[in-house]
Amino acid sequence: MDILGLYHYWVFAVLLMTGFYAIVAKPNLIKKLIGLSLFQSAVFLCYITFGKLAGGTAPIVGKGAELFSSPLPQVLILTAIVVSISTTALGLALVLRIKEAYGSIEEDEIQEQDAP
Amino acid sequence: MLAPHLPMLQVVVPLLMAPFVVLLRPRGLAWAAATMASLMAFAIAIVLALSVVGDATLTYRVGGWMAPYGIELRVDAFGALLLLVITGASSMALLGGQRSLERALPPTREPYYFSAWLLALTGFVGIAVSADAFNIFVFMEVSSLASYVLIAGGPDRRALSAVFKYLIMGTVGATFYLVGIGLVYMMTGTLNLADMAGRIEAVADTRPMIVAAGFITVGLALKAAIFPLHIWLPNAYAYAPHVTTAFLAACATKVALYVLLRFDFLILQQHLSGHAFQFAGYLMPLAVLGILVGSGVAMFERDLKRLLAFSSVAQIGYMLLGASLVSVSGLHAAILHMFNHALAKGGLFLAVAAFAAVTSGWRLEQIGGIARTMPWTFAAFVVCGLSLIGVPGTAGFLSKWYLVTAALEHGALGIALVCVILLSSLMAVAYVWRMVESACFAPDFDAETDADSTPNRDFAAFSHLLPTILWIVALANLYFGLANALPLELAKSAARTLLGGLP
Amino acid sequence: MNIAIDIASWVLLTLGGVNLLIGGIGVLRMPDFYTRMHAASLTDSMGAILVILGIMLQAGLSLATVKLGAILAFLLLTSPTAANALAVSALLAGMKPRTGDAVQRTNHEADA
Amino acid sequence: MSTITLLFSIFLLTLLMITTMAIVRTRNLFVAVMLMGIASLLIAASFFLLDAADVALTEAAVGAGISTVLFLGALALTSERERSPSSLPLLSLGIVAIVALIVIYATFDQPPLGSPSAPVQAHLTPWYIESTRELIDIPNVVTAVLASFRGYDTLGEVIVVFTAGVGVLFLLGTGASASAAGAPLSEDNAGLRHYLIPRILGRLLIPFILLLGFYVQFHGEYSPGGGFQAGAIVAASIILYSLLEGEQRALLVIPQGVLLAMMVGGVLLYGAVGVAGLVLGGNFLDYSVLDSDPVKGQQWGILLIEIGIGITVAGVLISIFHAFASRGAA
Amino acid sequence: MYYAVIVATLVTMALALLRAVRGPTVYDRVLAVNMFGTKTVLLLAALAFVFGRPDFLDLVLVYALINFIGVFAVLEFFRNRATRAGERQPAQHE
């Protein structure tokens, strides 16, 4: 039964590495930012997965429920999501400035223009 | 009345000034508010350092909650020394850099720049005082985002592509760190560093813990620009505004190294069997390679700021070398070098900011004859250069001396390390001499011949404050070279606490 | 009494589910954008009505029913508008719907 | 975790893996952004299945809503297709595969999914749930931990959002220059001029969306919600208004000066509540000293800082959108 | 009780995803995303009752809202691109 439980972590590993591949291999700057936000959302999945309690419900003290999943990973991920969107927003602003300065957002074309 | 709250005020003062600075539209007001906040933070750091001298540590419970449940701040000797470096570098760079920044930044966007400066300061200081793993991640993000803004401020378009590379590598590093503390949190159930150290015993040799140690080390190595992962540093520091480089070069990478050492020595080292060997085994070759490659490339570099950036990579290699000796004297040398390197490198970059006010660019041939036009500034530049090399009588010499004595304790390996240190010091002499030689004896560089540089010999742009600040830093280099009381003592007790009783 | 409600909501739910499935298959098999649009938006609205009514019956008179009503009203207002805006935008961008002869033509030559 | 919901979550996560593979493989950036919207919805749905209601709400509001709008805003100003092929794909594929194997290697010794004996459940969680009922007495434990027990983290978080706002305004300018030029509200740039129906419906719905945003803001203690989500929803509604009615009119609704004041005001409000705790004798961010009855003080503190978060997040996201949109017009 | 609907929604989501990945024209993809959003709304509404926590329904309302705004962001992107590039040829085939 716990092999099924580990499936979440394998999806986390695959997601982490798909994002990391996009960052490493794709020269387009916006595709790198997309890879970066995938890379970060994989980490969110990992945190929330080990916060889950079998038979527990969301940590909002309702009428009936007593068994709660752990609230701490959810708090950490609330913070991490906003960090991820802030980094993406700043990255996109940089991409716009780079497009205006270099006329292109492909990393290899930018390096050609920079090389003396 | 405020004494018990000092660790908190250290973070709150720049934190609450930053949003305030954004509203200050009139010219120069934003700079004044930022400098005032930075000086207040510097004063608090000095008081903290003095109150922590006798192996004492200050703790502070944010929100009044007990340690593992709420977030706790902890200032020990190592943290206090780093606080001095951060706030000192920020205050000196701000005081000296007003004119240089006014020329680099469009006037309407100055308040944003100084707000980002205070936010970077808040981030670095937040990391230095925090004792909670996730809190360090949040403030690492604050300082990274703010330093991207600071670096992208310059008129040079190459700063934009350099900052984008820094953003990608910095965020990947921070996310690796996040994965690492996620795995550690999963196995130990806590985020507080002290509590984590206590609970790691039971799960020391499980697979997730070893992978977590790997992730944390790689993530922080990326942020601290340790040898193979330093690719973002030279361009980011070279094309940023000069004053930004003076601030970031003195403290940005050291903060990440501080977190790496605290994690490794306080948590992973004691409990993970063989981790001491792993730490030394993997990081020492990287440190040696970093020293050799950094100094080597610096010798042949044409651009003054890239030259100094590569020498920064080499100096980080020294610190890592001291730490990877895994002995009290080794750590003592590494921590002391953090302080001395901040003094030397900060002074050099401030001098470059002074030169750039008068010269048309900062390639070696463009600073010809600067020794005659600005003798005082050049003299301070030479003093800081000597401290970088480690000439006896300067601060740099002390840290090299302790590094050599620490290396000698390791016998044959020690001899090899000492040779590496001497070789790289010779390389340092070479590239400092190249700078001095082109500044003094090269023919007077008249700007008309060089097409793309704009002649701007307007002395009005030359801030009156910059030479005095430069000389304060140069004299500090000499003072801490001779009567090195406070940082020496702090570094020694920091090394003892980190190693926790090891011989 | 609640057996009748259970059966009614069960019927509504399965009808809604079938509706959704038809929409899903329709989107894949339809040859052209506008016919797919037809398949998708119709079953979206109809499926939503049936499923949410089915759940409302289960929830009985409670705050949840009010919330479900709000969701249904919002969905009924927005998804047809979105479909309309999408179709107008596609038409303006010059995408011509494939008229009658186009259907015969596809029988001979292979679809692009 | 009952096997049925586990199977659902496994199905959703498989769909997620397929979507991310498609995102990375496709050459058309617009398609990648659309698929990212789907991936964000899938992740939010699987969070919902893993009992993380607050995080599902934030991921949907921020991930699917705001990030798609930002990416589209950036794409409108740059090229839409990737021109150059992947650089040295095989080498990077190798590195990526090795690191993936390391991570999978790490997952074998982990406590099984949802086991009550796992340190995460045993160590801090019972204390949080117990003391939330006893000291703060609000149903939503996540908001209590977010705002009070780890309030300093959330202060750092608001500072991160503020830094992003300052950074984007520094890089792209405030965009006030475009509208300050007094561009007449000519018909051609007044939003989607072809779409009469959506504009009418937009005018009808936007007030209710704002109301929903305020509901999520003030209902944060009882049900999933809070400052971040509310700020994102309010920002989404203003962005919708700007999409339908045109950017100039949206700037008339909330001018640039007010946005800047919102950005700064939210952070200062959060800091002021912290300093008030300091002045009244407690530690920084200690809300129990704010009121005679500590429990009331905690509730007051949490309410005020949630408002601060909501104001800052809304102000930052709207000014980032304006900076992107005005860059296009300029 | 709800499992039938949930399975149907999941299968439809898979079909919509297939259309989103394969769809020749860009508008097919927008259609698929819009359909995907509505299905998520229905899925979560049903799940809220399977978990017995009906108070999560305002979460579902926000999903519908975000889906609605997403569609308009895309259409504004097209209007921008069409008017700015001044291109009139049909965006028929990628």
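Think of it as A, B, C, D and E in the order they're written, each chain with its own count starting at 1.
In this text, a residue touches a chain if its C-beta (ideal position, glycine included) is under 8 Å from a C-beta of that chain, and two chains touch if they have at least 3 such contacts.
A quick note: this is a predicted structure, and the numbers were derived from the prediction, not measured.
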| Common contacts of chain D and chain E? | A, C
| said: Contact counts by the stated rule: is the higher one at C-E or A-B? | reply: C-E
| remark: Cα centre of chain A to Cα centre of chain C, whole Å, reads 32
| request: Round to the nearest whole Å and give the separation of the Cα centres of chain C and chain D. | output: 29
| request: Compute the distance, rounded to whole Å, between the mean C-alpha positions of chain A and chain E. | output: 21
| task | Averaged over CA atoms, how far is the centre of chain A from the centre of chain D? Could you give it in whole Å? | result | 13
| note | Multi-partner residues in chain B (2 or more other chains touched) are 134, 138, 141, 145, 148-149, 152, 179, 185-186
| Numbers and ranges of chain D residues touching at least 2 other chains | 53, 73, 75, 103, 107-108, 110-111, 118, 120-121, 124, 128, 150, 153, 156-157, 160, 163-164, 167, 171, 192, 194-195, 198, 205, 222-224
| note | Among all residues of chain A, those touching at least two other chains are 16, 20, 50, 57-58, 60, 62, 72-73, 76, 79, 83, 86-87, 90, 94-95, 97
| Which chain pairs here would you call touching? | A-B, A-D, A-E, B-D, C-D, C-E, D-E
| request: Report the residues of chain E in contact with chain C in the complex, numbered from low to high. | output: 1-2, 4-5, 7-9, 11-12, 14-16, 18-19, 24-25, 27-28, 30-32, 34-35, 38-39, 41-42, 45-46, 49, 54-55, 57-58, 60-61, 64-65, 67-68, 71-72, 75, 78-79, 82, 88-93
| query | Which positions of chain E touch chain D when the two form their complex? | reply | 3, 6, 10, 13-14, 17, 20-21, 26, 29-30, 32-33, 36-37, 40, 43-44, 47, 50, 53, 55-56, 58-59, 61-63, 65-70, 72-77, 79-81, 83-84, 94
| chain E partner contacts - residues on chain C that touch it in the complex | 6, 9-10, 13-14, 16-18, 20-21, 23-25, 27-28, 33, 36-37, 40, 44, 47-48, 51-52, 54-55, 58-59, 62-64, 67-68, 70-71, 74-75, 78-79, 81-83, 85-86, 89-90, 92-96, 112
| Residues of chain C that touch chain D when the two form their complex | 74, 77-78, 81-82, 84-85, 88-89, 92
| note | Note: in the complex, chain D contacts chain C through residues 192, 194-195, 197-198, 201, 204-205
